[in-house]
Every structure is written in C-alpha cells, then in structure tokens.
Amino acid sequence: MKLIMAVIKPFKLEEVREALTPLGVEGMTVSEVKGFGRQKGQAEIYRGAEYMVNFLPKVKLEIAVKDELVPQIVETIQKTAQTGKIGDGKVFVSQLEEAVRIRTGESGQDAL
Amino acid sequence: MKLIMAVIKPFKLEEVREALTPLGVEGMTVSEVKGFGRQKGQAEIYRGAEYMVNFLPKVKLEIAVKDELVPQIVETIQKTAQTGKIGDGKVFVSQLEEAVRIRTGESGQDAL
Amino acid sequence: MKLIMAVIKPFKLEEVREALTPLGVEGMTVSEVKGFGRQKGQAEIYRGAEYMVNFLPKVKLEIAVKDELVPQIVETIQKTAQTGKIGDGKVFVSQLEEAVRIRTGESGQDAL
Amino acid sequence: MKNMFHKCMKAAGRVRILAAAAVLLLLSGPAMAAVPDESQFIFNTFSFLVHGFLVMWMAAGFAMLEAGLVRTKNTTMQCLKNVGLFSIATIMYYVIGYNLMYNGVDKGFMGTIGLWGHDDSAALGGKFAGEGVTAYAASSDFFFQLVFVATAASIVSGTVAERIKLWGFLIFVVVLTGVIYPIQGAWQWGGGWLAEKGFADFAGSTLVHSVGGWAALTGAIILGARKGKYGADGSVRPMPGANLPLATLGTFILWLGWFGFNGGSQLTMGSAKDVIAIANIYITTNIAAAGGVVAAIVLTQIIYKKVDLTMALNGALAGLVSITAGPDSPSLGLALIIGAIGGVIVVVVVPLLDKFKIDDVVGAIPVHLCDGIWGTMAVPLSNGDAKFATQALGVAAIGGFVIVTSAIVWMVIKAVIGIRVSSEAEEMGLDMAECGMEAYPEFRGSQSI
Amino acid sequence: MKNMFHKCMKAAGRVRILAAAAVLLLLSGPAMAAVPDESQFIFNTFSFLVHGFLVMWMAAGFAMLEAGLVRTKNTTMQCLKNVGLFSIATIMYYVIGYNLMYNGVDKGFMGTIGLWGHDDSAALGGKFAGEGVTAYAASSDFFFQLVFVATAASIVSGTVAERIKLWGFLIFVVVLTGVIYPIQGAWQWGGGWLAEKGFADFAGSTLVHSVGGWAALTGAIILGARKGKYGADGSVRPMPGANLPLATLGTFILWLGWFGFNGGSQLTMGSAKDVIAIANIYITTNIAAAGGVVAAIVLTQIIYKKVDLTMALNGALAGLVSITAGPDSPSLGLALIIGAIGGVIVVVVVPLLDKFKIDDVVGAIPVHLCDGIWGTMAVPLSNGDAKFATQALGVAAIGGFVIVTSAIVWMVIKAVIGIRVSSEAEEMGLDMAECGMEAYPEFRGSQSI
Amino acid sequence: MKNMFHKCMKAAGRVRILAAAAVLLLLSGPAMAAVPDESQFIFNTFSFLVHGFLVMWMAAGFAMLEAGLVRTKNTTMQCLKNVGLFSIATIMYYVIGYNLMYNGVDKGFMGTIGLWGHDDSAALGGKFAGEGVTAYAASSDFFFQLVFVATAASIVSGTVAERIKLWGFLIFVVVLTGVIYPIQGAWQWGGGWLAEKGFADFAGSTLVHSVGGWAALTGAIILGARKGKYGADGSVRPMPGANLPLATLGTFILWLGWFGFNGGSQLTMGSAKDVIAIANIYITTNIAAAGGVVAAIVLTQIIYKKVDLTMALNGALAGLVSITAGPDSPSLGLALIIGAIGGVIVVVVVPLLDKFKIDDVVGAIPVHLCDGIWGTMAVPLSNGDAKFATQALGVAAIGGFVIVTSAIVWMVIKAVIGIRVSSEAEEMGLDMAECGMEAYPEFRGSQSI
C-alpha cells in the first residue's frame, strides 16, 4: 500500500475528490495547511505598513491506496488540480506498511 | 522506528491518549482534519436548501515509536477508538528513518 | 528523496524558514498542530475549576528534499528551533518514493 | 411618517385648541392641564432625537446582520460597505436629498434642488404655532429623516454582498440616497401626489423597505448569482454565514431600533394623545416581531424538521417590516397576526428566490420587499382611511419607479466601471482582493472543507 | 416597581398638590413652577418607553453573554433560544400574563385571566388625575412590564444551556412567562398580599432575578450536568466559553439596560421629586456594578493568582442584581458596598455549585438567585420602611412558589416530550443536532484538542 | 460641557426671562408658551440621563473596538481592562474626582478633596431657579460627568494594549480618573483659570480626548513597542486585529454614544433654544463622522490602492473627535469639512507614528490626540467668542500638564511593580499569562502562520 499526499489549491478540492471517486478511492483525509514555495504571496498593507504574506492557504490530502492504483491516482490529481499557475502544489508518494480499519479491525488493503 | 498515523473520531482522543500512556508512548502530535469515506455526512439544510456535508471532522494522531511497540499500540488504538459505527477511522503505519529531539540533539530511539 | 517532518514551537517558524532558504529549500508545507509530550501544559483555572492543558500548540513542517540535503537541513532545523527548554519538538525523516509538481507534471527531484 | 405638511397644520391646529383649553382651565381653577407650546416643542424635538438615534443604531444592526451572514472572506468588505453607505447617505441627504423630498413638493412629484439648512427663527422668536411654523427643531426632523435613508441603502448591501465591487456599490448608494429615495419619498411624506390620493404608509413599509428591496432585487438580477451558488442541474449550494451570533446581535439591534423607526414616525409627542399613540406603536411593533419569530420557528420545524436560526432572525425582521406601514391602528392581536404572516412569507419566499436563481445573500428581498408590500396592503385591515386600491397604487407606482431608475443606475455603473469583481477576486474573497485585509486573520477558515 | 395601585393614588395625589401650587404661583407672580398634568402624563409615559427599550435591549445582552459562554457547537441554539424566549414572553404576557399580574389582584394572590387591552379613555378625555386614572399611557406600562418578564426567562436559558431540548425549553418559557412569573408578580407589584405585608422589592431582585434563578436551579437539577462536566472522582472539567468578547459585550449591554430596569421602576417622572429619584437610581445602579467588578477582579487575583474575566463579568451583573431591590434609598457608598458583596458572593458560589455537581453554564444561579436574595435582604440597610423579617418572608414565599411550580412543569415536560437531548446529540452539539446549522462554520473548532 | 458655574447663572437667568414672558403671555391671551420651572428641571435632568447612558454605552464601544483590533492571544485581557477601567473610573470619580473638578474651583486650579454627595434640597423644596440653584438633579450631572472620565481612560487602554501588565494599567487608571483628569477638567469645566481666559471646548476634544491621547502617548513611549513590531532595519511588521466585525461594531457604538457625548454637553434642555441647539449638535456630530469615513476611504484607496477598513473606522472616530470641541456653532458644511480633515489626519499620522517606532495598537493617538488638537483649534472657524491664541494656550497647558503628570505616574508604577509583561508572557499572550483564559479557545489561531 502507498500513502499519497497531495498539496493543492483549496478551491480545487471538490473537483479532485469527484475525479478520484470513479477510480475507486473510497476515502481520504484532508487538512488545511499553509504553503511556502515559489509562489510568492502578494504584498499586503495594514494600516499603512506593507508586509509580505509568505504562507499561502493550501489543502493537503492524504490518501492510502493499494499499489496498483497509485499511477492513475497521481496522474488524475495532477491533471485535475492543475491551473497552470504557479502554486498549484505537489503530489508525494510514500510506502505504507500497514493499515487497519478501526471499526472492524480489518487490516491491509481491506482496511482502505 | 515507525510512524503510526491514526485518524479517529474527535471525542475519542482523550481516551486513546490515556490508553497509550501506559504502553510507554511519551508523546504524540495531533491535528484536526476532515475525513471523507464510507461514512456519509448527514444532509444539512440552510435557509431551505438541502446539501450534503461530505467531509466530517476527525482527529489525526501521529506517533513515532520504536518498532517493538507498534503491534500493541496499533491494537490499543483500534480497540479504544472503536465505536463499531461507520466512520471510526484508520490506523496507518510507515517506516521512519530518523528522529531527532530538537532540545538535546539526541537522535534515534532516544529522541522519542 | 526524503520527507522531513519537524514539529517545532510556533514562534520559531519564521526563523527556521529563513535558515533553510540558503540551503536550497524552495518550499515547505506547514500546519498547526497540538503536541503532547514530556512538556506538561500549565494548570489552568476557569471559573474556579483547575484543569490541565495536555496539548500544546506546535507547528508542523513537511519538507520534501533530495537525499543529499537531508543531514544539513535536519541539523539546521535542530539548531534553529532549539531553545533548550522542554517541548522544543522533533524532527522525523522518512523515505519518499515519488514527487510530482502539479503545475508542470514534472516528477522526481525536479518537482521539488 | 405621515405627510409632514399636513402634520404641521395638524400640530398648529391642536396647539391652538390646547391653548384655549389652558386659558379656560386657568380661569376655571383646577389648574392648567395643557402642555405649554414651548414644552410641546421640546417634547416633539426630543422625540425626534431619541427615536432618531435608535434608527441610526439600526445601521449597526444591518452591519452586524450582514457581517454575520456572509462568509469570512467577504466580511471586512461587508463592514466597510455598511460604514461607507451610512456616511454617504448622511452627506447626500444634506447635499440634495432632503430638499428634493420635502421642500415645496406641494402635491407634485419632487421638491427643490439644493443644500439643506435649518431655520428655527420662529421658535427662537418664541413663536411655536401658526401657519408654516414647525413644532420641532428643524435639525431634529432632518436627523430623523436622514437615518431612514440610510436604512434603505443598508437593505441593498446585504442582497448584493460577496460579489459586488466596492466602488460600484458606493456609487449606487450615492444615487439611491441622493435622488431615487428622496423623489419617491416626496410623493408621500413630502406631501406629493400620492399623499393626495390618500395612500397610507405610516413609517415606511413601502417608502423605505420596499424601496430598498426593489433596488436590491434589480441589483441581484443585474449582478447575477455568486459563483457556484447554483449548479447547472438547478441544485443550490448553500454558502452558510460565518458568524451567526453576530447575525443574532444585528437582529436584536434592528428590533431595538425599530421602536424609534415606528415610534418616532408619530412625529409629535407634545400631547397625551401623541404619546399614547407612540406607546401603542411600541407594543404593536414588538408583538409583530414576536409573531414573525414564532411563525418562522414553527414553520421551519414543520417543513425541515429542524429550526433554522437565520429564518427565525429573518422572521423577526419580517414581522417588523410588516407592521411598519400601520403600527398605530391595529390591535395587539391583529399586529401579532400581521407579523406572523410576515414570518411565513419569508420562510416561503427564501427558497423560492433560489428557484429563480436570484441570489440574495441575507434574505433582504423576502424581508424588506415582500413583507414591505404585505405590510402596506394590510393597513386597511385596521385603518379605515386606507383603501386597498390606493395602497396597491402606491406599491405599484413606487415599485415601478424604483425598478426603472435603479436598473438604469446599475446598468450605467456596470457599463462605466463595472459592478462585479473578477472571478479570481470572488474566489479569493473581496477582503483580500479589494481591502487587502482579512476579517478574522487568525481563525483558520475556508469554504473548501 | 412599587405596587402600581398605590402608585397611581400617589401620582394623583401629588398632581393635585402641584396644581394648587401652580395656581398660587400664577396669582402671586413669579410665574408657574408646576408641571401641567398633561406634561406629567407625557413625562411618565416617555420614561416607561425610554427605560422600557433599554430593558428590551437586555434581551440582546443575555443572548450575547450566553452565546459567548457556551461552546461553539451549541452557539446557534443559544441564540435561537434567546430570540425565541423573548418572542414567547411577548405573546404570553399579552395573552394571559399581564392581567393575571395586575388586573384586580386587590391584596389577593392573582389577577384575572384574559387578553390584555389598553384603555386610555380618561387621558384622551383630558382627565389625567383622580380615582383610578393612570398618569401614563396604558401601553407604555404594558411595554415596561413585558420586558421584565423576558428577563426572567433569559436567566433560565443560560443555566440549562448545551443540553436541553429546544422545544422542552420553549414550552417551559410559555408557562414561566404566562403563569408562574405573573402570579408571584401579582403578590407584590400587582398589589397582592405580599405588598400588603410591606415587602420591598423596588425593581425585582426577588420578583424577577431570583424567580429566574429558582427556575434555573430546579431546571439544572432535573436536567443534570453536561456530559463529562464532572468526573467520577469529583473532578471538574471546565468547558470554556467559546467567545469571551461576545460575553463582554453582553455584559455591557445588560449594564446599560439596567438603567432602564431600575430607573424606569420609579414609574413616574412627572415631577422634580421623581426625576431626582431616577437620577439617584442611575448612579447607585452604576456604582454597584462597579463594586461587583472590582470585588471579582481583586478576589480572583488573590485566590487564583490570575484574574478571571468571566468572573469579572459575572461580578458586574452581581452588583446590578444586588442593588435592584432598593436602588432608590442607599447612599453611593452603601450601594458600592452592596454591589461589592454581590461580587464576592458570585466568586464564592460558582465553584461551590460545582461541588454539588449543579452545572450552571453561565453562572446565572449565583448572579441572579444568590445576589437576588442578598439584594432583597440588604434593602432594610437603607430603607426604613423595609423589615428584615418581611424581606425574608417575601424571598421564601416566592422562592417556594417558584421551586414547586417550575419543578412540576419541568417534570411534566420531561415525562411528555423529554427535556434532554440524546448523548450523541450532546456530543455532536445542539447546533447540528437540532438546528442543522453551525454558528461558526468556517472557524475550525473542536473541544477535542 | 461649558463651564458649569457660568451655566447655572445662565440657566437661572433664562428662567426668570421665560417666567416673565409667561406672565405676559398669560395676560395677553394666546396662552402660556413658557416651560414651567419644574418641567425645565425634568427636561434638563432627563437630558443628562439619556445622553449619559449613551456615553456610558461608549465604554462598550471602546471595549469592542479594542477587542477587535488586538490579536486573539490578548483579547481576554483587553476586555478585562475595559470592564475594569470603567468600574475604577466610577469609583474614583465618586471618591475624589468630582469634587476635585467641580467643587469650589472658583477660577483657580482645582476643587476640593472629598467624597461626592448629592444635594437636591432646593429643587425638593420647590426652588428651581436663583443664585446657586442648579436646574437639574445633582446625580444626573454626576452621572453625565462620570461617563466622560471613563472615556479618557478607555483611550489609553487601546494604545498600550498587548504588552502592559494588568495591574500596572489599572493603577494608572486610578490616578488618571481620580486626579489627573479632574484637575485639568477643573481649569475649564470646573470654572477655573482656563475658563476665565475664554478657552472654548464644548464637549471635550481637549479636556477628554487629547487628555486620554497624551496619557496614551507617554505610556506608549515609556512602555516601548510590542516585541517584533519594528525590525532593526526600520521595517514595520503589522499585527492585524483578530476580529474586524467586532471593531466595526465598536465604532458604531461610539458613533451612537457620541450623540450623548456632544448633545448632552448642551447641559440643559428646558427651553426651545436649548433643544434646538442639541438638535443642531446631533447633525453636525453625525456629518463630521461621515466626513471622516469618506475621507479615510478615498485617501486609502488613492494611496494604497486598497481601502483599509480599520482606517475607515478610525476615520469615523476622527471626525467625531474633531467636531467635539465645537459641535454647536458650525454649519453642516463646515462640520463636514472639519470631520473630513480629521479623517485625513488619521490616515497620515498612523504610518508616521510607526516611523517613530511609537506603537499604538488601535490608533488612539492619531484619533484622540491629533484630532483632539485639530478640533480645538478649529473652533474659532465658526465660534466668534473663541480665539486661536486662547485655544492654543488651552491645548498646550493641558497637554503639558498631562504629559508631565502621567509620565511621572507611569515611571513610578514601572519602578515599583513594573508595567511591562515578560517577553515570554508577551509571546504566549496576556490572556494565558495573566488571565489563564483564552478569548476564543476553540478557534485555532496563531500569529505564527
């Protein structure tokens, strides 16, 4: 099993989720994060003082999937989350050794 | 060392934490997340318009532990966090290559 | 590639970010978390009732980097985030199998 | 407010009678019962001031209601618009509005153009009654009229929230408060043709609330709905308000302010008759609001199996708007029913608007427009002098006028500087896009999850 | 409010005297000093209206205070309950409450049953004084009395928050505002048996605040504590309020409203004597609140080494409740002390209630019940007409009556439709469970971490 | 407020004239026009009470404004300071302040020391006019004066927020409200030397606002800036306010309260002349605020290409402070300009202070100090009796006095108990450090990201 972690622009979340369901992704865990990268935040002004916002709001998806699915999932995320503008985000893949479904105690791929 | 990542129902957090301490878990990092999965959010109504809440509030635990402890910890989390109702969550385990305690610079298992 | 995950004290974030840029870290993903560990929260009082705050606010950094950079990055984080006081946090390193830049589709190290 | 012109006559008239009564009493013995002219002048003026500051307070009510019902990313902007519109209304009404509405309308269609200025020479000369003498300080009347204008503008800002450009909106407010509102106001309260026809609108269900409602409706249609509010499949995606306690506070503020809105519209307080009328108005106003709330709570429970707070809040305002056209005549029981029906209308109309893809962020159209009409048509139920036909005429005439004029203004603004922000700006939120400032910078919030 | 009946007599009496005085003055020369009857009527009525809208504003104060002290997941519900209870109080007091409290009590235990309606024929006929003639507009009195009822109901909602069913609560409010409050009110302010005994409760430390407090206490006991509030080991798990600035706002609103609550309870303003009394009441009320705040700040600093804002806020209300039974008689210094002791009581009683596992979410019991009693017993300190024994009798009689009646009502509701939400609903929060609507949908919040 | 002493004379004087007028009228026929002395007494007193409770309400305005403009981690503390300072002001003004300011100043530098107590024997004896007789209830005057003191203290708390120790601040408030404010107040309103010189400050641009501003400025300098506010490189790191809707609410509350602040400062309402003056004051006050808002909106749009809500809010207060020294004399047009210039001053001065590394969290110095001075200097533009030189003298004298005295007090407190929290406490936030209580415990928030 692999753990796919994707950082995307917030407003792309729904789209990505919908695109993944047909591929058999039955679950995911999402968190609000702030991203720092090439994309520079706009210069803001507060009461006459200029300042840079370095961290931009992003959404992080964590999806555990069986190995076979990884390529198409990664590709689908990449395609769907893409706007072509800087700051679109990343997809990371890492190895997952075990997964357990708390409700049933099932483990391995059945837990996903 | 392994990194155990568990997604559980928010109100189970205290219970789980208390159950893990006796096993020698001296620390963990917790974040609020939203979960999407088999458990479907209830249909909500706002000013006469129905809509589905797809993402449900969950809590994510990240616990770095030495390998020996993994089995009982995973089992304890699974048992304690269980309500038997859909949406109880998951436990994931992955390999951890290194750990460092910032305060002391200790690394490896001593850092945990 | 490796994924470096660091849990630090919130007010150290800016410092750490600035220390990492010269090392060639071009991006990172940050989230607010709560930490439980040796550092015990102070006993709080609300309307005459004492209670312990077990979880303390921390910031989690996730940084994907190419293997060569790992040692100095980990060291830099450890040194910069250090206050010497209990609760400074941890740095964890794990293996990363793949990385993709959503905007361009680039993968591997070029994606970072 | 009843026609000021008639009112003055009336005041003057009454004063003479009381004076006479006084003299008699003074001669006959058991001592003066009447209120001296100057005391009357003070009572009338103070009534305008106290009730006026209550209505001014409604500006805060609208600001909080709207700030609570928009999403976090548009909250700073909503606050800004509300502070801005009140300021603009103040200035415009001084520069042109007041005289256009009240000066020399004389049964016609509008007054004169020019700065307003106060003249209290008569009163300062010790003259408190008689031809053309007003029984209150000029400025107190100006103050009371002024805060009504702002109300009409506040209604618009709620409906068009979360997508309209700041400057496009502010310019509309300039015209609405400086020209559109005063002209139609002249027809009735200025002593114009509509007043002649015998139209009855005590405190402004039509002149204030439906006017704001019509302007909001045209605006909403010309602007279009917020991005993603309506799915191609006709599905509705709710965009819940970010801070309901704030919306609740706003509603309570409006409720409080309404005692000034309706009570002060009695215009004088210098006699027992007047103050009794004001007292009656307070309680009909209060019970109408209560009726609207209870109706909304019960109805949402029945229809949706859950009680919708935002509907209950709208219900309070619905009751208030409904009673505003005639708070002086109905019994408590009737007032309760009028308010309750107002609440029902809101609960029914809110989803209806969504069917037509008319995106009204805070429900200002059902509350102020629909109930403004309902309230106006309900006046004859308790007020013998009012006729259904005349009421309908007034509603239609003013409705038509506001629809046409505001549509033109919206269109012109759209053509010249544009009224709608870019879809990126809408995505990002108006706060960052146009103010560069988050309303709640530390509260992690996003619509995304 | 003192017994209305006596009051009218008094008013009438005074008026005649003044009138006489006036005549003399008129003859003797330096011109009339007295206030004409009709002016008095206006002053009295306007006092009821102005002070009444201040008390109505307290409904917003309770709403904000409670919305700020509950957790986010129950905030929508708390707002809904407060809007709902004020509306229900309005309707019930009209339908049955007012007449039950004031109509023909005549030294007995209750008035008559029936809708309230206003009759100002005397005043409209130019008659302002004399047997049975009231010196104010009927509706203004009704309005002022009405907002007091709502206050009693607001007190209950805070204590039983976060676990009570919406409908169970609303039904209790129906009975409390329609029957329980009016009956005990009749005993004193309605001119009933307790007034005959010489009980003194100027503005309602007992009649309003302790009544709300007793109903809240019985409710809290019958409902039980919130899930997880008390550990088996007797440990207390605080559930901090989610929005303290809102609670602070609520307290300031209540503080402001209290000038109406106590000031208006002078009931008349038609003479220098009355307006002087009102002015004195304003400053004793204000300094008592200040005393409560300072006492709570100092005490929490000493006991806990940290100053507890929520206690300071409760302290302000404590001072206000404490002075309410007799704001007209004490010197500023005594008023300060009475308020300060009220503040001390709150700081001491809040943790005490936890010892008994009585879960009072906002501290309404210490503030309104304990200080309501304290304030009532403190009246004799400055008011010679008041006797400790009689004060105790009033406290006990009303306390007993409210405990028994409200316990019965709570029990019946519990048996018929249930008063407590399911433990899942409590877990999830009442907002999602009963309103399907989050108060702050975009602010990530949870009690879990 | 104009000099109380002069005022009484004036009142007395007017009364006699009116009386005479009355007699004439009574003989001549058309019946009494004049206001009976006792009615005047009631009008004057009620004006103090109504306008006084509006000013008291400003305490809530400052609390919300400041709570909205600090960061979440210091919000509980900011609320606590505001509740605390109002309470302290209440007590100190009773214990020493009032008499020090008004009792027997007699063209000198200060009054007497001792508790204040009310004496209404004259009025209760039916004497309403004549040497030394006041035309209003003593307590109503005390109440009105009192709430002004609190305003001055509120100004300070905003500037020194987020770093000052609770007790250090509260002790400063004790001295400010008990000694510093009353002494300089005695110079003018107490009928002291400055009044003799003909200084004009109708409602307190200098006596209240600049006094608070000077105290805030010295405090800010002695305290130093918040940690991390200014980079070594002179860069400014903004620390955005956490809750802008709350700041907006606070501004609306202040705007409302200002009608009481300026309107009530007419001091009497017992004649047409007075009530006309009050009405004029209401509208100049209102339009000045509007001018400040519009100026700030337009200017920030031009300079920064984005409209800054916090500047617009400051702009409203700027306009209000600017008109406060002379709201009675200017035309609406001039009032608009005076307010607009006030708004410009704020937009210009806010960044300027940052240049000097003077850290003013809420912008109280530009608003209350700079515009307090501007407003005072602007009086001669419309008030013939006022001279620029005298105005400058008053500004300088009071400024000098407050700078010196408050600097000494700040220094002493610093030396004895310290005024600044530890840098850890500042890091953690004052709420956890000194109150042990988060303002928004469930809203994840941090300045870190």
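Labels for the chains are A, B, C, D, E and F, by order of writing; each one numbers its residues from 1.
Throughout what follows, contacts are C-beta pairs under 8 Å (C-beta built on N, C-alpha and C of every residue); 3 or more make two chains touch, one makes a residue touch a chain.
Predicted model, so just to flag it, every value in this text is computed and none were measured.
Engineer: Can you give me the shortest step count from chain B to chain E, moving only between touching chains?
Structural biologist: Minimum step count, chain B to chain E: 1.
Engineer: What's the call on chain B versus chain C, same or different interface residues, using the half cut on shared numbers?
Structural biologist: different
Engineer: Of the pairs B-D, B-E or A-F, which one shares over half of its contact pairs with C-F?
Structural biologist: Comparing residue numbers across B-D, B-E or A-F, the repeat of C-F turns out to be B-E.
Engineer: If you average the Cα atoms of chain C and of chain E to get two centres, how far apart are those centres in Å?
Structural biologist: Centres of chain C and chain E (C-alpha means) sit 53 Å apart.
Engineer: So, what's the distance in Å between the C-alpha centres of chain D and chain A?
Structural biologist: 48
Engineer: Taking the mean of the CA coordinates per chain, how far is chain A from chain B in Å?
Structural biologist: 18
Engineer: How big is the gap, in whole Å, between where the Cα atoms of chain E centre and where those of chain F centre?
Structural biologist: 31
Engineer: In chain A, what residues contact two or more other chains?
Structural biologist: 30-32, 34, 44-46, 55, 94-95
Engineer: Which residues does chain D have that touch at least 2 chains other than itself?
Structural biologist: In chain D, residues 18, 22, 26, 32, 34, 36, 39, 50, 240, 243, 249, 304, 306, 308, 310, 436-437, 440, 443-444, 446-447, 449 touch at least two other chains, as defined above.
Engineer: Tell me, which pairs of chains are in touch?
Structural biologist: Every touching chain pair, ordered by label, is A-B, A-C, A-D, A-F, B-C, B-D, B-E, C-E, C-F, D-E, D-F, E-F.
Engineer: Applying the document's contact rule, which stretches of chain E touch chain D when the two form their complex?
Structural biologist: So the residues of chain E in touch with chain D come to 18-20, 22-23, 26, 32, 34, 36-39, 41-42, 45-46, 48-50, 52-53, 56-57, 59-60, 63-64, 67-68, 75-76, 79-80, 82-84, 86-88, 90-91, 94, 115-118, 120, 123-124, 126, 128, 137-140, 142-143, 146, 166, 243, 246, 249, 434-444.
Engineer: Can you check the complex and tell me which residues of chain A touch chain C?
Structural biologist: Per the touch definition, chain A meets chain C at residues 2, 5-8, 31-38, 54-55, 58, 60, 74, 77-78, 81-95.
Engineer: For a test of understanding, state which residues of chain C touch chain A in their complex under the given definition.
Structural biologist: Where chain C meets chain A, its residues are 3, 17, 26-31, 62, 64, 94-103, 105, 111-112.
Engineer: Could you please specify the touching residues of chain E with respect to chain C in the complex?
Structural biologist: 236-238, 240, 303-304, 306, 308, 310-311, 347, 350-351, 354, 363, 449
Engineer: Please name which positions on chain C make contact with chain F in the complex.
Structural biologist: 10-11, 13-14, 30, 32, 42, 44-46, 57, 59
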